[in-house]
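You will see chain A twice below: alongside chain B first, and alongside chain C after that.
On to the complex of A and B.
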């Protein structure tokens, strides 16, 4: 088991290292939180330093943390699977003595190692550009963030994987993934800290997975939550992991019977 | 008038090809509606306290969003389906056939395909502009001026994306470059004045997004300064000329793969 994991890890790490340039471009294409950061800072400056209780540097801390969380939870597995199913290459993966889930999972995990140095660089530049920005107040928050972001990534990955499995029935699941992506941009806290959202929407969001992928991890890193609140966030994240893991198991069992093996 | 006749032939051919995939039409429409809903949500959150931002009221900012959606659709409809094929042509060598045809090659690679699925996006953008202008009030002259600036803005968008795609002659894989432009273009859904100082400078002079969405919107709402018209005209004509030159320059590097 450990041997398999190690083999997958080293193989995918060297594979992902080749795509350095592409990873940087994908990273920059997801700049929306940074654009929103400058917009909110502009608004805060125009209103004499702060708006809605947030100062420029607080906006900078939130959006940099939110952007980093977004970058660390990117998942394109639905797109990859959809492609593999249509091309028939998914059949090959099914024949291997290991669940394709783990192969895709490792592909995403190793990509984080290649991506993170660049993400970190952008965050450092962001902190330096906006005077007075304190991204992390206490070191404990980094530790909690580390767990929160891992759980957030697993939630996002499981959702993407379930969407990918939908192509056993739909042949092409990329459209579904696009829809998810658009929804998540809206609801995860990319536009603004959720404090600024209308109250009815804010209440609704508590019952959806989106804020637990970007908003809450960002809040944890910037030290906006106390210990009980952080514990609650981690617990709800675990719950979502459980929910989507069950959905994945069900879809996986039913889906394999559906699989048409294009081109075989 | 050879060119207009050819464009209508191209449109007919693309349309009949795409009608094969009618299901995509619905999915794309849902996606566009959702994305638009997201942008409106972002704007309404930003204007949640009812204050004007950098001199822009909510309906005025909606005009900018309308222009943004309009160009977003137009890019998807006219530019990306064509210009993404330049890279393919260079890689596989099929650019030969384009260059051998008895018509201007830049014209052919720019207008051959049209993605009719994106037409609703364009119309949605127009709809938002009309709705928002109803709130702010406008005049006949301002509408004419606005349409004129939209045309100039289209020249700017076209030239930038065309030149980015033409780098395919050297780099071969450039799909991601247009992706990058789109990432930056998203900033255009906000009036340029809401950005703080140096960011505004970048979006005006380095990547001229201000002239694509904000300036036409200002023309519609009657806030345009005369100097902006001159700048937009100069930039648009200059960039189109530059793209023309760049295309010829790039062709010299074409080695015609596999032939």
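On to the complex of A and C.
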């Protein structure tokens, strides 16, 4: 298994370095939190230094952490699968003695290594640009964040994979993928910290996976949660991983019978 | 090695009439139709056998191969390959088969083929020594020298096909499903690929099912053929058997020493062509020896050939007969 992972890692790494231009474009598309950051900082300054209890530097810390979390959890597997199923290349993956799930998973993990240096650079620049920004208060938070962001990535990947599996039934799953994309932008905490959402929506969001992908990891990194709250976040994340893993298993079993192996 | 019983595959196809009206109709009431792409197919193939799958476009050949390699879930019937149920996708099953479909790429487009080979080595858990031995053999047999290190997208179609073939056989599968492996290749390359498949079959005692629209592929490689039409098997047996059952005639070709007229030749059989000194006759199989003897004794003949009609024609006749029976 380690050998397989290593081989996939090596191959995809050389693949990714060819596509570094595309990777940078995707990243720019994910710039929304940074844009929202300037919007909210502007608002805070116009209102005499803070708005809704957030100061400029607090906004900066939140949105930089949110942006980083978004970047570290990106998953485009739904789009890839939809394409592969229609092109017939998914059949090639199915012929190999490895579940395509792991192949896509490794591809995504590998890409993080190309992406992270850029992300880190942007975050450092961001912190320097807004005076007084404290992204991390305690080193322990970085450690918890590390686990939280891994779980967040797995949740997001599993959701995307399930959307991708929907093309076994639908001809094209990209519409579903776009719907999910819009929902996640609105509900994960990309536009604003969830403190600014209406109370009823916040209550509802607790029961959805979205805040656990961006909002809560960002809160953990910036030290807004105490230890019990952090433990709760990790537990809920684990729960979502479990839920989507089961959904994935069921969809995989049923979907394979539907699969038409078109092309060729 | 391969056992197939009453295998069926039905596709549900949405039917929509063209135009707005059709779209509206299908929106409210989806019209679907079941296509029986494979309709109750049974056969057995022994280990080491090479079998040719013949049939017109859409006969169900590819669909059958996809079920045998575990891609498609059979609608009915059972298939067993190397003792496994293909659809279960057991790791040891997948390691013992390969499916090659036209030019479907398993090679990574932007990297040299060698990189894809290394991924396959890891995924199929091939030991370094086996990998090197196989690579040496394949490089020699397929003349891969110098091709492996070029980016795949820069290779010619033939070079790419050779690399695809090598990648698909790197794990030395015991069962090969080859779906039109020579499509789009020039005659030279077709011969090379064919030779390679024969060599592979002999070295590893591999079982092979081959589909091709190039009859030469099938006649060169397969003793046994299975002819499929509209999802059903209409012939399964030796090549010679096919010739006897399907084609009651042989073709006698004459090279004459001097020009003769059609009327001179008519009495010797059905004259199918006469061009200059070359004449061809279609003669009932049972009358071939008697007729050719008569020609040799009575006509000024420089050379004589007795041949079966082209295999395409025989298959065509088989189909039209299946039509009549249906």
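Going forward, the second predicted complex is superposed on the first by the 263 of 264 C-alpha atoms of A that agree within 3 Å, B and C clash if a C-alpha of one lies under 4 Å from a C-alpha of the other, contacts with A are read in each partner's own complex, and residues count from 1 in each chain.
Convention: contacts are C-beta pairs under 8 Å (C-beta built on N, C-alpha and C of every residue); 3 or more make two chains touch, one makes a residue touch a chain.
A quick note: this is a predicted structure, and the numbers were derived from the prediction, not measured.
J.: By the touch definition at the top of the document, which applies to A:185: first (chain B), second (chain C), both, or neither?
T.: After superposing on A, A:185 lies in contact with chain B but is clear of chain C.
J.: Can A:41 be said to touch chain B (first), chain C (second), both, or neither?
T.: first
J.: Taking the superposition on A as described, I'd like to know which of chain B and chain C A:137 touches: first, second, both or neither.
T.: Neither partner.
J.: Kindly classify A:4 by the partners it touches after superposition: chain B alone (first), chain C alone (second), both, or neither?
T.: A:4 contacts chain C only, not chain B.
J.: Answer with first, second, both or neither: which of chain B and chain C does A:202 touch in the superposed model?
T.: neither
J.: In the overlay, answer first, second, both or neither for which of chain B and chain C A:52 touches.
T.: first
J.: Of the two partner chains, chain B (first) and chain C (second), which one does A:232 touch, if any: first, second, both, or neither?
T.: neither
J.: Mind listing the chain C positions that touch chain A in their complex?
T.: Contact set of chain C toward chain A: 11, 62, 66, 69-73, 87, 89, 91-92, 94-95, 97-99, 101-102, 104-106, 108, 110-111, 115-116, 118-125, 179.
J.: For chain A, which residues are in contact with chain C within the complex?
T.: 3-4, 6-8, 10-11, 14-15, 18, 88-89, 91-92, 94-98, 256-261, 263-264
J.: Using the touch rule from the top, collect the residues of chain B that touch chain A in their complex.
T.: 24, 27-28, 30-31, 34-35, 37-38, 41-42, 44-46, 48-49, 51, 53-54, 176-177, 179-180, 182-184, 186-187, 190, 194-196, 199
J.: Using the touch definition up top, name the residues of chain A that touch chain B in the complex.
T.: Against chain B, the touching part of chain A is residues 22, 25-26, 28-32, 35-36, 38-43, 45-47, 51-52, 175, 178-179, 182-183, 185-186, 191-192, 196-198.
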